[in-house]
């Protein structure tokens, strides 16, 4: 099953969708491995037309590649596959939308993009800073992923929005005073202006949304943004030169009402509108 | 079981409640047939006094007629019964609150009211425009119901609020520039003034509410209004000459926490306060 | 299992946590007896650092006493145990955070505090006024608890915030014009100024939150405050001389997504930050 | 709402049904207070004809009295009401089917029957022996109810079937060697012959069924009987002179599939066939 | 998505699978329209090899045609489509496995087979006799479907097994003494011998299974057969000349544990082994 | 929290319980990592006395060591920790009960036991043969674990009971004719006699039980044994010289009614009775 309207061939596509069904380091509530298919299924419950962007997906050339073939249990091997697989997809300057899976998948994806695009910036929407150096002595997990990303692209190139769960020490990491926007998206316009026309990778941890509208996730954190606030932020970000994006941390198993999967499918539609 | 405080006889009642347990064209998530009883049960979990309208249901004469006796499986027959049954209820100028059921029930209800009240206007609160001409070659379904209503009462007399799921072509239908309010209730006051003292039928598809507060519905759509915004809108509409109202699209089966049924019972209380 | 970071001994502790697993008068949806452990478990899913108060629980001396040993079925006996048990805990001017259980537990707790602290004020956050004189001829139930509290500490010393479910007669009870804030927390700052430096008991019925973010409770009531609005209110209240606090009415059984338990654990963290 | 076909007036009825919605001493998983209405509702999902007894409820005169009006929280008061209320119902030698509620309700019911019927025997179907002398120093709880019953009617007159959860000391209580049938219903015929034509009170704790077919109960215990085995046992017991019966310990809240409520309604139908 | 291993083209296939997602007359618990896809999905959770029949699906030529394109709401139209669509599928003597949907779909299917195969017999596995003449004055519903089938193929050619919910009058319908096997499958071998080598249509209402193993269905009825008993019965029936089969009444919405969908997928595998 | 009655110190204990919360290769429905705590919690809902074995846990010296400290994501590292950790526990000939987790944990456990006990036999209760050579090119997963075990201890020393899901090729693996008992436990007594007094490791995959009584597991398979049949089998096996045992594949997330966790806690009690 494809995401709704993503029927183009790979060759003709401007945008490529790929599922990355990995949740191997989820500590609290696993299950994001089931997210890519849940998002595809629920894309048929919403319209192809976005009134927010006044765009229709039927006017775009989108190819849904299905899911990356990932084995179970061996993290290093999985991360290596994600890196190599995504490299093939972006070779010819196609835009890539990756659908997680847990947040750790962002690490190999950004390695790929940083290889291809010099001077890349990362915009990070999330409830959690994910800046811890190691978690249970693991350097690579969903709790450390943005720390690792900072080490690749530079702390000065990572912009964080909507964070409301962090350690007090995170505030003292390099460039956090300018690049970390707590609680809301108030600095989105400022970030857009500072980034300018450099290539941008956008990573959206859906738990940036308030758990009232998005309960189906691994580590829900109250005090988040509304769906409308997320849309407003995406509108501001849409003028950036975004070359890749991921949407992570939907856990369909905790989505008892089915609303979280619909929300995730809707966010994917909005991103496809401006990618 | 009656709705709480709806103990009047039909003869003495000013307002009549009737359940319309039909969900025959629900395509995505059925079950709104169970809504009338869920709303009645949950009316006992809230107070009879509304602090929003400073009114108490115990001061009103309300009769709960129970549910219309609807057969299964034959849509044309069902719609015919709804039309005839509702006609009997409104003969003596009683106000009618119909509790769905899916949105298609609005079609025979408005046929009845349009027969009785010349020059009737329709105010439509919904996430979806329901303006599609036909769905899977069906002219009569929950996705087309407002298109059919427009054909009966005139496009110029149908006012839509809170819509956030539609096709781009919907925007070009007659009078939509003036009569369609996207995303919110900003034009409610404007509509009230333009309608003036003409008779009004109010149809409330509960999915106009954000799925965070109303997940238990057939086609949830994120980006909706809060309960407080709905109350504010109803306050503005309450000055209109409303002769009939329906509340549709609660699906108790998807209401895992039970909150959606309580919300629906509460909306019914507010409507009963000003009907 | 302790609440996260509540590892101090009773002797050294500034703040004492105790669970009060009683739900004997819950009429609609029981189960708050399971709340204390659900809150403890979910405290491990959030950080010890609160960005709202810029405080870390690891810098506080907190002792979690576990649950009070309550028998089943005999209300008078239970209330007596709560009163005596809490008296021992506050003898040496330790701050007390009690975790319910249903709202009736506030009655024996405030009896204890009113004994110890002359001139105590009560700040009450709730969706329901709980001011009914008797419910099914019971003087002591979750629906009457604040009426009983008013009789102990004086109506003029009970301040209510966020109420949206009440009887019309409640508005005429003594001092309600000044001390009852309907729908929101707008009068919080006013209350803080009027209370000054008198000792304060804070009782938080979590259903003051909107059921979108807090569905897991006995009597959900739409139209409530957001988590951010609750945080803002707590910030204002934090300057008061709060000597005791309770957090009541989480029902984990109705918390199908698990979010309500996380919210309750988060509210407890914020309270611990300023107690 | 009445149990299906229970439409007779009290005066004309041979059998009286009454709900006893009490679960005040449930320690593990409460909610049996909701059972009477769940059983009534689900009685409309099964036929009035029992192929097992070749009887149709429509040929019986049955009156459903609704639920006893029980307050919350005060056990002694509740037990007193049950005793007095049931006494009125059986004055004129009507047969009584009481629908719990938790197992403790059997205590006041048997007190009533023991008053009226000299020499009464009790047949007890259950997974648990309920013979503990006291639980958390409470003499009156669901775990001790049969011990209390034995003290009223004599250990020699209490016959237990299907027990598979007990203490080793229970085996040494008086007459248990002859009157306690572990694991199954093998001694049912033997008990019937020994009881002869004395009046019998039958108490059915539905958790005697295996939790595969009856998960919706307070303390599920694997290794139970199948529905067919229960029917076979009831057939044997049906020749007794049964003057009263109760069916207890359905907890609809734990009945996620709805099957337990249907099973309980079916067991009630079978009992009504031979009462 | 195909049923596991059903990858043959229509032309080369011996067996054709088709989904019939219709539940328009379900009165109690709808949702069987979602069954065909649930069965396909869960076929990937079981092995292709059946140890019961010592056969592997990979050795069969099976074509999964997907679902019949059915509109909503118009029963007569739906039944007509099913009849015509199935006629095309069986033209070239291919075996047909139809996956419901509700039991009413069996009516047009058997009309098709009765047209093609003179002298056809029907074997009916079900908890309910489905012999009522009309239900709420509807002649065509899931409760009357076998009565209608009897009128087409003759009462003497309809053999019923496992029935445990019926009216007392059903027992007096023609040939029921010989052709109706109550409670179990004891007469399966007898039926096989009496049918001989005539063509047979097999209709399996999955609620013939006990609700302990199959809770996810519209009208669960306790006292049913175990999965092993169903397998034993199918082994006996497998020697018949079965030309068509349907499997109906899985309601995935009530299948909270997911087990019912796995059971349905397994029954389909066993049928495919011997069709 | 300890398993009920497992309060002995390690030094004095005869039996040691350890949790192994690993589910890294679960392909279908993850979550068995949560099983150890679910089993501990539910052990307090059953009695310490087993009527099946006429033994009471209070008479045994049992130590609950809690859970092994396992990292996420790195399978090889996890298996190594399990092997080393378990080696320490069994050094002094203590009996070990390991609580999974998924079935792969049996591999490092048996490596440990095979090191210590020459000539060890393995008795394997399961629905699935787990004999596949590799799954998605992984040699080490829950689907291959018994194949790997056979390679360590010898095919002739692995006895399988209750298997009902396998490949046809499995039947031809060495010694399967004698050592593989399909569908039931009929060969249990035969196996006991052939094993004699050699040391035995017992591995119980709880999905050997029918999903009617045990739905909460990763890959449910209908046609399983009843709880009573499992008890009968354990009684036969209890005369063996069992030196270690594991209980695996409870997935509490799929245990919507809570019964599976109670069943798992009960099986653990029975094993502790005879270990």
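By written order: A, B, C, D, E and F. Residues from 1 in each chain.
Simple rule for what comes next: a residue touches a chain if its C-beta (ideal position, glycine included) is under 8 Å from a C-beta of that chain, and two chains touch if they have at least 3 such contacts.
This one's a predicted model, so the numbers in the text were calculated from it and none came from an experiment.
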Given chain D and chain F, the chains that contact each of them: E
Most distant chain from chain E by Cα centroid: C
Copy pair chain A, chain B: interface residue numbering same or different (half cut): different
Interchain centroid distance [CA atoms averaged], chain C/chain D, Å: 40
Inter-centroid spacing, chain F versus chain C (mean Cα positions, whole Å): 45
Per-residue multi-chain contacts in chain A, two or more chains: 210, 212-213, 256-257
All pairs of touching chains, each written as two labels joined by a dash: A-B, A-C, A-F, B-C, B-E, C-D, D-E, D-F, E-F
Complex contact set, residues of chain E against chain B: 23-27, 30-31, 33, 71-76, 136-138, 140-141, 253
Residues of chain F that touch chain D when the two form their complex: 45-47, 49, 51-52, 54, 56, 210, 212-213, 226-228, 231, 256-259, 262-263, 266
Interfacial residue positions of chain A with respect to chain C in the complex: 28-29, 163-168, 182-183, 210-213, 215-216, 219-223, 254-257
